[in-house]
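The data blocks that follow each hold one structure.
What follows is a pair of complexes built around chain A, which joins chain B in one and chain C in the other.
== the complex of A and B ==
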């Protein structure tokens, strides 16, 4: 049957144009609803980030207008010995804390996973450090490591037990001070790992364990071959999150050691604060923080890519 | 003894003279509009009654003029952060109390009002500013802040400990070190000294006192950079590190925060330390709170045995770095006239003395008339007599030059205390640490704008 093309066009055109109008109207409404989100994301993420990048390219001093200096701040820091130490300290602090958190978080999850009675109580109990103010935690650990006669917890216990004759100045050496801030950071955050791992363990099918047990696999083999692979994604995500939070940590080091003794525990955030707020050099202070960004971006991008590939 | 005859003519002449003096034009007090509202930022010291006394004085001014003053506090910890945030957000207070390095830094940023004329007018009311304090508030010939008081460190020692060991109370840094060696008893956890090179005024302040007393400095008289690679600085660094190497201090001394030396001194774990009069405040306060006769006796003994000596001298003299607090007006102030009136009120000898009496010696006035009016108060005992002389020994950051933004930044970088820490902790040589410090200081002067 021959159909007049013009008739079809005439018949379809009004429908198509009303569909287009509706689509445009919907898009407009959607944009209207999304606008607050764009403003929020733009205002709270992109603008501060852009501003930080811009400030790092200026010689901004507090109270003075900023002047563009290109990469001068980056070059300066790349040659500064204190900043080199800050990088080393930050990595030791972060890797040390995160490694401890993974191990103890796993242990906590394994124990809680096998506790039948009072699991929720213990889960809540273990979350206490996570919900306590960081400043309180830092002050408490500072007191625990204190060498003031009759006050520091560890020294009092050791003295009372007759194991030492004089208090040990735990935080007077670079190694001791670093260990102290790592321990405080670990203690605050390991419950986050424990609870995340516990949730991950709940999603591992019980049949896997039953089948492995029937095949004669012991607890250790079941852990290595079922639990750990089953927790892989959770471990990666929590480690990444914790790495970002730990490398940007400020409170614990600032309250416990102020970056000392000397510059032995000076990390990115405390050094950035010192340069920006005490020396009033904002441009350089911001650059210290910005130095981290490429490292974090690469880390986040590669892990996200890996997780997406796994999901497919 | 015969009485001198007083003639009627003499009485009339005297009365005329007095009337003439009274009729002379007095500096006009800045006008205050009724309903004026001012914001004032002041330092929250460890001695709470001082804070309250300043607040009360501001309230008296407000009541007199039908105005209001909102007093906000900053601590030593957040002083920089608070001012920095306010400057960048253009929300500075009308009146702000500033520490030693702040007038130079903030004036350079164009934040402070030029108070030169006001300062001149005030001179008849409050007296002169001592020459050694002027470099804190006068920048390039202009006055940007009105100096008020000095919060100085003193060399605290336990007299009974020294007497028992038959050791002379120290007058110099060298004597203090020798005394520490004679008094240290590690077996009993008792040490001859407690001097931390930390990131507080107890660290960088004492380091500056030590440097200037030995003739070492990083600035010349004009305030320009000068190398510290000198024999005097080597002596300074040797003293600063020997007290650690020789085991004259508690092993955790380097990690003390601002209150570490107070606590260790009061607990009698150490024989000497440098600190402000807050130690005296704590001991006087403890005595007032004693609950029984035994406790009271022990606290009376402690109070009697603690001695606040002048800060030790060095081969080049006795130069004590201290926190010189001044009052300034920010350019953003909506009512500078009222702000000046408030400062004039606070700095008047009467108000200064009233506040000072609640300070336990921590508040040592610097202006001539307030110093004269406070003589009786500081005559209480030897410790207080020393507190009253704080302004005499004062030198500012970057001595012998004026306090400059660069000198203040050198202090803020913590290189002054990080350098001895490099020797003590990282086992650097003294020369290596001085080279490192010198490089850092030079960099500050080379790269600072303004």
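== the complex of A and C ==
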């Protein structure tokens, strides 16, 4: 049925005027179909964003009317020691976990690429952390690192193996807490890197490897000269995407450490929440997240360029 | 060649351990008694094995209520998202109109905006609408991240369908809407299922908005409820672990059911475009 209707389509050529009318009608239909999306986006994304900018220019305290204070929130934060630490923490957290994700993601893709039987099974299994709730992941790793052997996996294993005499309170030190939140964030997302890189490897032409093998290139050289350059695109996109998601992370840090000990793991979103909902300073709380907007704009613009160029 | 095989096998085992040990640690703790956890006995395998955490969780906590709230929210959001995203996805993928490229870019940009940027002003907007402290806050706010993602996914699905089918329907005198409902939607069914499951999973796992917008303990969703249990005064570790297991299972079940679709969707939605 489909085939003879296709011939009908080719045979019938509508006149120019009816084409114009059809175009206009099409534009109307498109608008109708897009209307729910526009209402949602306008009312619940753009409008709140505008409100965020406005709030950041006020000294809004919960329970008091807001007063316009210009850039005072921005200037205050630019000079605040805690906020400087938040910026450093966010960078350590993000760069640390994204770098780990790239390396282990590559390793995972290389391993799976060599698995012939059951590759899809393992690929599916490895993705389990990615679909699990981040709150549960945060909770899981909180227990893995727990100082108490019955609950903490690492302490149980290290004690049993006789490597330590008494349990270590991993999350009680600033460095330990930061390492713990990095590990939790890494564990959740590296399988996604692995699966993306695996898809990228599948699209590298086999002939490149064959030619290299003929030239006598070993596995290491094939990796550096064919695999890695072939994955350049997917590595850039995945890294940018993960960078944006990680620097805006809230769940893992909030559930595992609440930003502590002290402010050792306080990052943008958790600090913004702390200032807005514990200190009740909404104006300043919003300003903290707005500091990230320039970075987001650059990141989103680069990802869009890559993805949209490919989509065409 | 042989060395490569050994290396692959070793790598596979290492990754299996890295992925599975944390899951197993939580699951095994959910089957231990309070004393087994407290006094660190039978550390690796629960012995004796007990269901008391599961029954306690069901009888003594508000977990069943939270589970119900999460389920209602995820279902409502999934339906709303599927309707909005399939309409918008179809329009962008199949109708030629001025500005469609711009709208495609806009959808991608919206998908990349992190919820952490908007939770404070969104709270104010919802409060003014009288929608906070109730699940309706989540019905309204979750589509802000599910719709852009699912629309982006569905644009790809609609684009991949053969154009002739729809043209034939249009030539036969069917309007756009009929063509969409009768011809394209049934063909895009696998895409719609994938997109619905993504919407469900994203809502099911969401934490920040639920934490901020809802204080009433009767309207909490599971992730926020779990967070309460963690920092509660009395530590029922076993129950907490049991709750984690129960919460993870539905998503894993959905995932097993369509895992190949989901893997392709993930890669397509986030990497290939």
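Odds and ends about this structure:
Just so it is clear, the second predicted complex is superposed on the first by the 254 of 312 C-alpha atoms of A that agree within 3 Å, B and C clash if a C-alpha of one lies under 4 Å from a C-alpha of the other, contacts with A are read in each partner's own complex, and residues count from 1 in each chain.
Convention: a contact is a pair of C-beta atoms (placed from the backbone, for glycine too) under 8 Å apart; a residue touches a chain by one contact, two chains touch by 3 or more.
These figures come from a predicted structure and were not determined experimentally.
With both structures placed on the common chain, the touch criterion links A:220 to neither chain B nor chain C.
Ranked by how many residues of chain A each touches, chain B and chain C are led by C. After overlaying the two complexes on the shared chain, residue contacts for A:62 are found with chain B alone; chain C is out of touch. Once chain A of one complex is fitted onto chain A of the other, the partner contacts of A:136 are limited to chain C, with no touch recorded for chain B. Looking at the shared chain after the overlay, A:261 reaches chain B, while chain C stays out of its contact range. When the two structures are aligned on the shared chain, A:172 is found in touch with chain B, with no touch to chain C.
When the two structures are aligned on the shared chain, A:277 is found in touch with chain B and with chain C. Once chain A of one complex is fitted onto chain A of the other, the partner contacts of A:153 are limited to chain C, with no touch recorded for chain B. On chain A, the surface patch touched by chain B in one complex and by chain C in the other comprises residues 148-149, 276-277. The touching residues of chain A, when paired with chain C in their complex, are 2, 5-6, 8-9, 12, 23, 25-27, 29-31, 33-34, 36-37, 40-41, 43-45, 47-49, 51-52, 55, 107-108, 110-111, 114-115, 120, 122-137, 139-144, 148-151, 153, 156, 160, 187, 191-192, 195-196, 199-200, 219, 234, 237-238, 241, 244-245, 248-251, 254-255, 268-269, 272-273, 276-277, 282, 285-286, 289-290, 292-293, 296, 299-300, 303-304, 307-308, 310-311.
Across the complex, chain B meets chain A through its residues 80-81, 84, 87-88, 105-106, 108-111, 186-187, 189, 198-199, 250-255, 257, 260, 263-264, 267, 269, 409, 412-414, 418, 421-422, 424-426, 436, 448-450.
Chain C contributes residues 4-5, 8, 11-12, 15-16, 18-19, 21-23, 25-26, 29, 36-41, 43-44, 83-85, 87-88, 90-92, 95-98, 100, 103-110, 112-122, 124-125, 140-141, 143-144, 147, 151, 162, 164-165, 167-168, 171-172, 175-177, 180, 201, 204-205, 207-208, 211-212, 222-223, 226-227, 230, 237, 240-241, 244, 247-248, 251-252, 255-256, 259-260, 262-263, 266-267, 270-273 to its touches with chain A in the complex. Residues 59, 61-64, 81, 146-149, 165-174, 177, 257-264, 274, 276-280 of chain A touch chain B in their complex.
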